[in-house]
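Here chain A shows up in two complexes: once beside chain B, once beside chain C.
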Partner chain A sequence: MTDTKTTPVTPAPTTRGVLPLPTAAARPLLLAGGIATAASAFLAWTWTAEFPGDLTINGYPGGLQWLTVVAGILTVLFTLASYDIRGLGWLLPARNTAPLVLTALGAFATTWFTIIAISVELGGLANLEPGGWIAAIAAALPLLGALALPQENTGNAKETFKASIAKAEKIPAPAAVSPWIERLVITVVTAIGLGVFTYGIDTEYGELFVGYLITVVFAMWALHTAGLLDRFSRLVAHNRSFTLAMGFVAAIAFPFTQTDDHYANIGVNILIFGTVALGLNIVVGLAGLLDLGYVAFLGVGAYTAALVSGSEFSRFSGVQFPFWASALTGAAASLIFGVLIGAPTLRLRGDYLAIVTLGFGEIFRIAVNNMDGDSGPDITNGPNGIPSIPDLNFLGFNFGQSHDIGGFTLGRFANYYLLMVLIMAIVVLVYTRAADSRIGRSWIAIREDETAATAMGINGFRVKLIAFALGAALAGLAGTVSAHVTYSVVPTPYQFAGSTPPNSAFLLAAVVLGGMGTVAGPLLGAALLYLLPEKLVFLQDKSLLAFGIALILLMRFRPEGVIANRRQQLEFHETGQLDVPEQRIDDTDDTAVSVTKAGA
Partner chain B sequence: MNTLPQQLANGLLLGSMYGLIAIGYTMVYGIVQLINFAHGEIFMTGAFGALTVYFYILPDGTPMAVAVPLMLIGGGIVAILIAVGAERFAYRPLRGAPRLAPLITAIGLSLALQEVVRNFYPGADRARAFPGLDATHDLGSITIKDADIFLIVSAVVCMAALAYFVRKSRTGRAMQATAQDPDTAQLMGIDTNRIIVIAFAIGGFFAAVAAVAYGLKYGNVDYRMGFLMGLKAFTAAVLGGIGNIYGAMLGGLVLGIAETLASAYIDEIPGMQQLGGQSWANVWAFCLLIIVLLVRPQGLLGERVADRA
Partner chain C sequence: MITMTTTTTTGTPVLEATNVTMRFGGLTAVRSVDFTVNSGEIVGLIGPNGAGKTTFFNCLTGLYVPTEGTVSYKGTVLPPKPHLVTKAGIARTFQNIRLFANMTVLENVLVGRHTRTKEGLWSALLRGPGFKKAERESEERAMELLEFVGLANKRDHLARNLPYGEQRKLEIARALASEPGLLLLDEPTAGMNPQETRATEELVFAIRDKGIAVLLIEHDMRFVFNLCDRVACLVQGEKLVEGTSDVVQSDERVVAAYLGTPFEGVPEDSALDEVEAAEAHSATSTTSVEVEGDQK
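Moving on, here comes the complex of A and B:
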């Protein structure tokens, strides 16, 4: 990572690009190519509207073409910033060229993905209009330019390319600005984030969603290499509560941007999934206990809520608890099961817990399947489940009806969405407060080294039981809402692995993929894992296969997840003495980093 | 036939199948402290390997006396290849990583193996017929099938061979040494990587034997059969004391008998009339696991070992 390691001894490195083009041509090519790419989206790419999104209109982009426009404009902006244009300097604080390469790659990938999708789906290149060919060529130009950018040549093409998309080494500290400007920046970024996220949820067909993912991944990667994400997280660290508040404002704003309640339904399901993943994150991410039957606690909450909901199919159909009472009952029931499962197993080595929880998950599913009065006591109505759960009615506010608020119509799912945002807020609060508390620090100590933690006077069993029970209770709480959202509870979703979330394997994957021990990680992981099967219907059959392979590869190459906790820690406590030795190790070279990781 | 001797025989048979699979868990765990969660799926692929031999390689009408040994070999090869491949490419790179990492890899591997079979093996998305050995024999008050005889004989032979191998052979003693202390064993000139591969291979082969027995006994196999069998075999390994190969067999037998008796007789206990039958058998198996962990966490034959720091 340091200069001494990567730069050759001679101070004048070869400054040819990966491609043998004159370096002077690189940036003009990038600029012209970016503009041409964005402009080509205004042409007709294909002749028929059969390809979703209608890319047949000259003069107006549609569907995937908008993504090309965005990617092209991003390329142009970063290129202009590299010319030191006034007002754009903030885009490239370190003046490195990696973001240029990445945005050019993003524009290329998005455009070519579209072109290839058109030719494959409609059956042949003949389906491309001249505009499509122009777009393909235009999108290749910035890539050529990017590869011609001057770059230290390490002799190995792969290494050179890796270096050309490496993150800026030293990001100059931003000039001090007034706190109000900092908050304004956070507000703007949150608004953009909401817009980007909403666009992703609202994508109507699989191709658009794939294109969206390509564009977003390259854009975020470019921002990361430019150092802007680091700067932003520093900003966030200065204004934590303000950012949290803005995040929730954005989450609340989401249903108001929707005209179709279907997308609010996706939103509420993501929130339920995310909340449960966050609860699991306490157990797995903080305390390091592998719980493979976590979805059963969601099921306990859902079934409890269904039983006391007043549904005519419930065993206790005369009983109808108000929502606060049924939420508490659901959480309490999950808590009791959590303690029952945890108490005997948490005294043992961690691996037993994994198997016992897996067994518990199976027992739960089998038991609710059997308790139909024939092959077991009549409690859960067997495989048919408990249908027609009435909508919530809270202080005279009926969640089942549409409400007009300030000119916006909020449908049924939007109501539940807002309720879930509230519950999510509670869970995030519990999570962050618990993680920062004495107990949270004991969890981390137990996770890192149980023997040492016990020697330091931590009661390992008690602390682990608290984590396990708390996680179970939070899942139960989310379960109570999910029972009302879906009208009915049936045994099938509460299994170990299935092709749609939530199930225990997906929950675990959301936590691991997003990043264990962080708040944003599991939420991001949950959103991704919910949207992928939802949007890519054609993958449905193979999704579990892809998922299994992805888990193996993830553990092999990036076990810390997309959002790594350690780095966040470093950024959040820059001067904290705890992290200083680690940072020094982190800076020396890569093998040292892996040593710290292995020790963790 | 619902007599007590018959139930005991059923339990013993089921238990020897659990025991055969449990040996794979216990050997791997004893040496590398890893729960090879995908072992149930290795069992499943063994069954499909044997099925492939029977349906796609052997000519129609091969007598079962010839077919069964060949199916054992075919299933064994598939299971060993997958077990060793998993060790080499999924687990070995993660040795020394935090504990959670290989366990999550194992879950991924287990899902991937199931899905590969479901998606790419012809007709495997639902139960596939497996040649059965259904001729029955009456032995006093109990009735057993040919498949049961195959199961019990192969379980005894496998156990005896393994016991002999581990105690007497050079590799077996190297295995014991590696289980006791891998670092010291390596210093003494033992190639621990080779020992680990051998442990995986033996586990895979035993799982394939169990899988062939399963197919012959029940007459069909499907891509999900490994999940519950693997889970219960692991339960058996824990019951017997994980790391102990005799314990795995004993745990399997205890679990099999307990499960059979529970599903046959628990509904005669007042107040539990509705909790009997096959549909609750798995529930009782896991309850037994939790009780054993409460009362004797080191398992029936296990020694209390200090946690590795």
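Moving on, here comes the complex of A and C:
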């Protein structure tokens, strides 16, 4: 903290920080600032417990202060790695400074967000204890240090700053490690991922969630610029099935980490939303058919399951299918509905198709609204919907009751969550297998150039109809579970746009935001889009506006979505193309390890 | 100049177009063209810009439904659906390259194999031994074709990243993947330098040696007359002359059509532009579009 005194030095002509500080001071400042930031979280920041999370205790961090601790420690770790400390070299394979800048920015943003939130919510800076002031100053130090890091100076401050947070151009190939270590790394990363994700779901108030998002975004950004994400995806490519298995283990482990069934409820809703988004990804991401009425298929599945669930309000109240039968019925009903809608509409292309599917989606909702015996046949009870859907009972395992498994209590939603994990596994399997096959290739060909695809012998209509029907069936499958989870089905959620998921606009946003044509993308997008309105209660009526803005920003800065498909990434970024031959080496790792070394 | 021993064993007709007429509204782009391609033949189709060559191609491959006339392949009349035409055994390339730009080179050729494989959704989901065998065979066949056109070392590149000449080659490989009996090439050497043109020439001969008849549209006259056993000249939608290179080369009507000397029975001057406009217009949609005089 003492070496902030700036002594004017002659700046080096080409490498100089964004700030005119001596470059020698940059890293000590980062290190000291990082430690100070983490330490300041142990002070009391405010004097009243009115601010959620209780930041009044000296000697122990609470709530948002934990995020400051994490961000500060990350800054310290990356700085130490840049000092070539043994054992930390792997953090900075390319030895670039961008991760330092970004972690420092993250620590600064998280801390200052908290300070500002305290001042605004409690009404003034007077609510800050001295600890709060110290934290604010401490968090600014690493930022100053980061901006003083030597950096290629382009003469333009904006350009220089851009360059200072750019990803390393060349990331040296990692040393070959044994497959067991690779798997260990994947396991550890999955565990950390589960921890981070669980923390996000369990955030109890909006401020904590925003702080969490800030910290996570900057941390991921830093890891990305350091090249660690690339290295990890390479590991994943080598151990694809192992990673998939670990992912499902983590997904199954989630309810066991929860004590409150409320969070399992969030989890099951995210899974339902994510499953439907993945089904939509077949239609939009692979076949390139813009479907704006997709949520109707979820509705068909849910209504079908409700009708055969044995609910006393169902038209067929005497009928009670076992779950496997109602799931198949729901999927089949959606499939038929998909073919019925697809057959006339899929003759259209592009914008016309989007408009027509939008219309058909609304037709479903309005028809369901009117089938109440008054304005139409008595099937769906109109706006009242079908309430009191009984819980599933599977081989004597009642989903509605809590069960103790190995000392853990699994509540009602946790049961459904585990069922949804199974369905999600099926959908992921269907998606990946369909995408990597003759039919998947013809979907992509249709998306790329329909005329050329038909000239290559692809029956465009047939292939598109299969995509449409498959996507519909998967959504219907998810719908059957959702009917049981929510006890009742009503027409309102199955609309084009609303402030809470699922609706067609949110589904499409989840796919586009997460990354079209990938498996992880729509799931991540669905999780984000479900959690944001759930956690940020103050957004409520403005959430659609916020999403609109978020999508516009995303389209401007990362049109391929958060998780990029390789194709899409190349499509949108003409320059800086990924080196294809290197990809080749990736794919045939086992035989070409020596080539990797030679090529590096 | 490559002296070629014309295989005059021009056997059975592969492609027979009889009385093909294509009208866009009041405009006749192709008028009663009779045309035959025999097995083992390389046939050229020449003509000034806007003569209706590509329109005629589109009629042959089912992209357009001819207003009158029929197209038959090896004796059976072709349905006017592009994918059925390809399935029957006619493959084509496009004047402006239409690769699947964001697919890899190998995937492009695999898409070309679509009609010769039949693994559907269920087999893709279940991944039985049949599926794996078919995938492996498709890949082997695709690699053979990439070997044939000289792109085997670029199998994992995205098609968009290939240089222009290689994109043309890839388009030919993709068309060959459908195991055609007749290959239609729409201006295969457009935009190529002399070396590349010569290489394409070799490639076309090699394709013919595989027993595939070739019909090509081209503006490079040296290329056409070197290559083709037979050349037909299309002017203003009508077949002006057809015959060996020498016959067509010495036909003064052909020369007149290219050099602009008026010849008998010329319609209005604007007809040419209209054909072009109509072609460009209907290239965007496969349905025939009403093109009236208000097109300007």
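The rule is short, and it goes like this: the second predicted complex is superposed on the first by the 544 of 600 C-alpha atoms of A that agree within 3 Å, B and C clash if a C-alpha of one lies under 4 Å from a C-alpha of the other, contacts with A are read in each partner's own complex, and residues count from 1 in each chain.
Basically, a contact is a pair of C-beta atoms (placed from the backbone, for glycine too) under 8 Å apart; a residue touches a chain by one contact, two chains touch by 3 or more.
The shown structure was predicted, so the numbers you read here are calculated from the model rather than taken from an experiment.
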Which superposed partner A:G548 touches (first chain B, second chain C, both, neither): first
Partner chain(s) touched by A:R433 [first = chain B, second = chain C, both, neither]: second
First (chain B), second (chain C), both or neither touched by A:G457: second
First, second, both or neither for A:D391, with chain B first and chain C second: neither
Touched partner set for A:A505, first chain B, second chain C, both or neither: first
Partner chain in contact with A:D449 - chain B first, chain C second, else both or neither: both
More chain A residues in contact [chain B versus chain C]: B
Doubly contacted residues of chain A, that is, touched by chain B and again by chain C: 449, 451-452
Partner chain A, residues of chain C touching it in the complex: 61, 63, 81-83, 86-87, 91-92, 94, 98-103, 107, 110-115, 117, 119-121, 123-125, 127, 131, 134-135, 138, 156-158, 160-161, 174-175, 178, 286
Footprint of chain C on chain A - complex, ascending: 429-430, 433-434, 436-442, 444-445, 448-449, 451-460, 466, 470, 567-568, 570-571, 577, 580-581, 583-584, 587
Contact set on chain A toward chain B in their complex: 284, 288, 290, 292, 341, 344-345, 347-352, 354-356, 358-360, 362-363, 366-367, 369-370, 375-377, 449-452, 496-497, 505, 508, 512, 516, 541-542, 544-545, 547-552, 554-556, 559, 598, 600
Residues of chain B touching chain A in the complex: 29, 33, 35, 37, 90, 93-94, 96-105, 107-116, 119, 227-228, 231, 234-235, 238, 274-275, 277, 279-280, 282-283, 286-287, 289-290, 293-294, 297, 307, 309
